[in-house]
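Below you'll find a set of structures to go through.
You will see two complexes here that share chain A, one where it goes with chain B and one where it goes with chain C.
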Partner chain A sequence: MKAVLSIARGMYLELFRRKDFYVMLICMLALLSILASQRYFNVEGITRYLRDFGYTVVMLFSFLIAVIVSASQIPWEIESGTIYPLIAKPVSRLTIVTAKFFGSFMTGGAAFVAYYAVFVLFCAAQGEGFSVVLFAQAFYLGILFIAMVSAISLFFSVFMTMSAAVTIMMLVYFFVVNFGDALRKYVLGSEGIQFIFGCGIYYLLPHFDFFDMRIRLTHEWGVLPVWILVAITAYTGVYIALLIFCSSALLEKREL
Partner chain B sequence: MNEAIKIEHLFHTYHTGKISTDAINDMTLSVPKGQIFGFLGPNGAGKTTTIKYLLGIFKPKRGTVAVLGGSPSEVEARQKMGYMPENAEYYKYLTPRELLRMYGGVCGLGGTELEKRIDMLLGTVDLIKESDRILKTFSKGMKQRVSFAQSLINDPDLLILDEPTGGLDPVSRKRMRESLLALKREGKTIFFSSHELSEVELISDSIAIVNRGRLLAEGKVSDIVTLKGEKQSLENYFLEIIEEAA
Partner chain C sequence: MIRNFVLAGGIIVISVRIDVFNDECLWKKFGEDKSVFMKMFGEARSILGYMSILQADLYFHGGVGHFYEEHAHGLALASRDDERDAVEVEDDHGHPHEHNHNAFAVPSKGGILLNIVQHIYVSDHKHLLGKDEKEILPWFYFAVKMDPHNIMAYTVGGYWLADRMKDVDEGLNLLKQGLVNNPESWEINAELARVYLTKKHNYSSAKKLLIGADKLLSGVPHDRFQERYVLSLLADSAELSKDKELALNSYRRIKVLFPEDPNVERMIARLAGSEDAR
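After this line comes the complex of A and B, so read on.
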């Protein structure tokens, strides 16, 4: 555990000394400030727009940080030659991959916490009140989303270059968000081998829709039942554990 | 067990499309404990591939490799091993202290014991004043010294160094030489690859010369350079043996 935390801490420190995080934070502040200022011009329904847009920006920026940080870890270590002294230390590949996952997750998670805090402050400043439980649930699912994204990007980066891993991750995200529902409908309407094959793909793909609270937050729909949160947590945990295991097996086999 | 490193009948072939290149061809080598061992060869001789076997990065398909009595692919065998790569670009937004803290943690060290060791190592590599500056601002030689410090963080019994003096100025080179000799006096085994033959001659107890994956010569420096009767410089001997094998 000490090895995992040491590597993860190093990654975390690196991010907060780089400019990426601050650039996105400033962009977000600027965008939300412009949107929030519309209230003074009596634009109707601005609180909903602010929540909708703010939540999307928080998720997008945190997603980008998590993908870039996690997809760059292994390829960068190989390119810079630092993977060798790390492998020479008394740690297994599983420990290295787990540490890289935790580092990426901590970094992406910290960025998400900062962005989400800004978003909540902007929402609170509207003076219309909001459901704390609902916002807390959205926050929790956002954290799980970052963990999932970090694990998938890291998995791709074990056998791809950084740019390829980032591109594939973006494509997977785009496909799941835009065609996930269509795939589900197709699978439900199919039979035999097509059904089995379709089910395989459907359940293999990460369900990013599980974590999306945008509409619920925007329209102040009720809070999620606890069992759904528990189920999503279990799903995320199993998915991440499998990805870490597969990533370490691939790294073990890869000729560095 | 008197050997720190034992390689027996090791083979390695790289495959690029339909082309196969033998990087290591039936290599048998042993390095006794407590020695400074120079591993020499021109570019593409198989030095780095051999080092990758010693680090457990490659697992032997043909032949055997043992370090400190165990297989390097096992975590236990790497407990007392340190490695300094050639020209590694460490995490540029970390300070040397943070970097050493990270590698120390990876080796299971922590608390005041680790902090004391970090201070000691930063002193050894003469980077105390720069210990809180980020690595991005460091020169190549300074990075090389940080790299040397990280290789010693777990107080290894076996130290594997890839071109340790490359990029160092004469003063740093001398300090590195002194550090290696001090480590030897502590009973450590040092295995290093180098192109700097004069450096090798100055500090090595034994050497091995490889080319195209084959071991061409192995033994004490003094014995090797006088093999053909008259004593000559290691550089002349090295050039001669490489040309003969070509």
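After this line comes the complex of A and C, so read on.
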């Protein structure tokens, strides 16, 4: 545990040295400032578009930070040779992968917290009021989303180069977000072997759509029931645990 | 939707760069006073303008969009309030069944993961009402800024401001701006006239605009329903501005379009002061 925390802490501190974190923060501040200062047909108190854009930008930028940080860790360690002193110590591959996951998660999570705080400040400054519970749920699911993204990117980076891992991650994200529901409808409408095959793919794919609170947040739909949050948490936990286990097994087999 | 919006924007920016005509138009004259959207997106900005209209529609439906039941029995939208009261209709076998608004209500097979989604996704149906009606406005604003020739953005935006938001002056301003950018549009002329007629009770202005709309309409392909729309408004404004000859003429033209319509016959009879009316 001590080794995990030690490696993860080093990665976490890296966030504050990364320029992309600040660039994205400045971009977000500029975008939200422009949007918040707009007046449309002299009507005041229009807020939904700001929440819509703001939440999308928060999730997109946090996603990018999490993917880039987690996908770069292992390839960079191997390329620069810094992984050799690490594996020479009595540290298992599982510990290395777990530490890398926590480091990536903490880094992406910290970026998400910063971006989300800016987003909430802008929403609060509009003065129209908002559901604190809904915003808290969106925040919690955002944290789970970052954890999931970090674990998947890390998994890809074990057997791919950084750029390949980032590209594949983007493609998986694009596919799940845009075609996840179509796949679900196909599976539910199929029978026999098609149903089993479809179910397999559906269960294998990471469901980023479970964490998306944009529509609820923007259009003030009701909050999610607690049992749904528990179910999503359990799903995320199991998925991450399996990915860390598979990543460590793959790293074990990889010739270094 | 926003995600697709950003993606489409990116593709359009790239496509403009490889478009020879737009390169000639835009990049050589970059210093000229053109709208920022024209500089960024070129002619492709009209796509983004229409996407803004779609986004406005999505906002109107609480971000969820249309359900099949709304359009299952034709193009006209069913009354959502009636639908909300769980409409009883007959299925293919003649048995009554209840319409369900939950688009994700599906048989529970495939385990928890396949079925949990119906509780996560928003699957209910609502419309913007009351103080929330203003939330749709940014999308009309973006639509006309991106594409000053997006007729629908002006007409729907004008209706929304004048009728739904009760801000007639802003509605008129938007429609007048639309008319400056699109003087050949019969739709904007007619919509502007409708607002003058029904909200400002300025019948003479409405009549002038509708005469213009009628002329413009005759020069473009149109259907009889569109012509009836303009002629009905023209007949109303002419009658209210004491121009009975024009009103009568308009109703007679509607009768040619819809010879079976008894209401038109009655209006003609009333205006002509015939015995049938009494």
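The criterion applied here is as follows: the second predicted complex is superposed on the first by the 248 of 256 C-alpha atoms of A that agree within 3 Å, B and C clash if a C-alpha of one lies under 4 Å from a C-alpha of the other, contacts with A are read in each partner's own complex, and residues count from 1 in each chain.
Please note the rule applied: a contact is a pair of C-beta atoms (placed from the backbone, for glycine too) under 8 Å apart; a residue touches a chain by one contact, two chains touch by 3 or more.
Remember, predicted model here, so these are calculated numbers, not experimental data.
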- [ ] After aligning the two structures on chain A, examine chain B and chain C and state clash or fit.
- [x] fit
- [ ] Report, please, how wide the angle is at the C-alpha centre of chain A between chain B and chain C, in steps of 10 degrees.
- [x] 150
Open item on the list: I'd like to know which partner A:His207 touches here: chain B for first, chain C for second, both or neither.
Closed with: second
TODO: Look at A:Pro225 in the shared chain and tell me whether it touches chain B only, chain C only, both, or neither; answer first, second, both or neither.
DONE: second
Open item on the list: Looking at A:Val132 after the superposition, I want to know if it touches chain B, chain C, both of them or none. Which is it: first, second, both, neither?
Closed with: neither
Open item on the list: Just to be sure I read the superposition right, which of the two partners does A:Leu5 touch: chain B = first, chain C = second, or both, or neither?
Closed with: first
Task: Per-residue touch tally on chain A - higher for chain B or for chain C - done: C
Open item on the list: Which partner chains sit in contact with A:Cys27 here, chain B, chain C, both or neither? Use first/second/both/neither.
Closed with: neither
TODO: Look across chain B and chain C in the superposition and give the shortest C-alpha distance you find, in Å.
DONE: 33
Open item on the list: Please report the chain A residues shared by its interface with chain B and its interface with chain C.
Closed with: none
Open item on the list: Residue numbers of chain C touching chain A in their complex, please.
Closed with: 2-3, 6, 59, 62-64, 106-107, 109-114, 116-117, 119-122, 124, 126, 131, 134-135, 137-141, 161, 165, 167, 170, 173-174
Task: chain C partner contacts - residues on chain A that touch it in the complex - done: 38, 40-43, 45-49, 52-53, 56, 60, 177, 181, 184, 187-188, 195, 199, 202-203, 207, 209-210, 214-216, 218-219, 221, 224-225, 228, 231-232, 235
- [ ] State the interface residues of chain A toward chain B in the complex, per the touch definition above.
- [x] 2-3, 5-7, 9-10, 13-14, 17-18, 80-82, 84-92, 255-256
Open item on the list: Using the touch definition from the top, list the residues of chain B that touch chain A in their complex.
Closed with: 52, 55-58, 75-76, 78-79, 81-91, 93-94, 98-99, 101-108, 110, 134, 147, 150-151, 154, 160
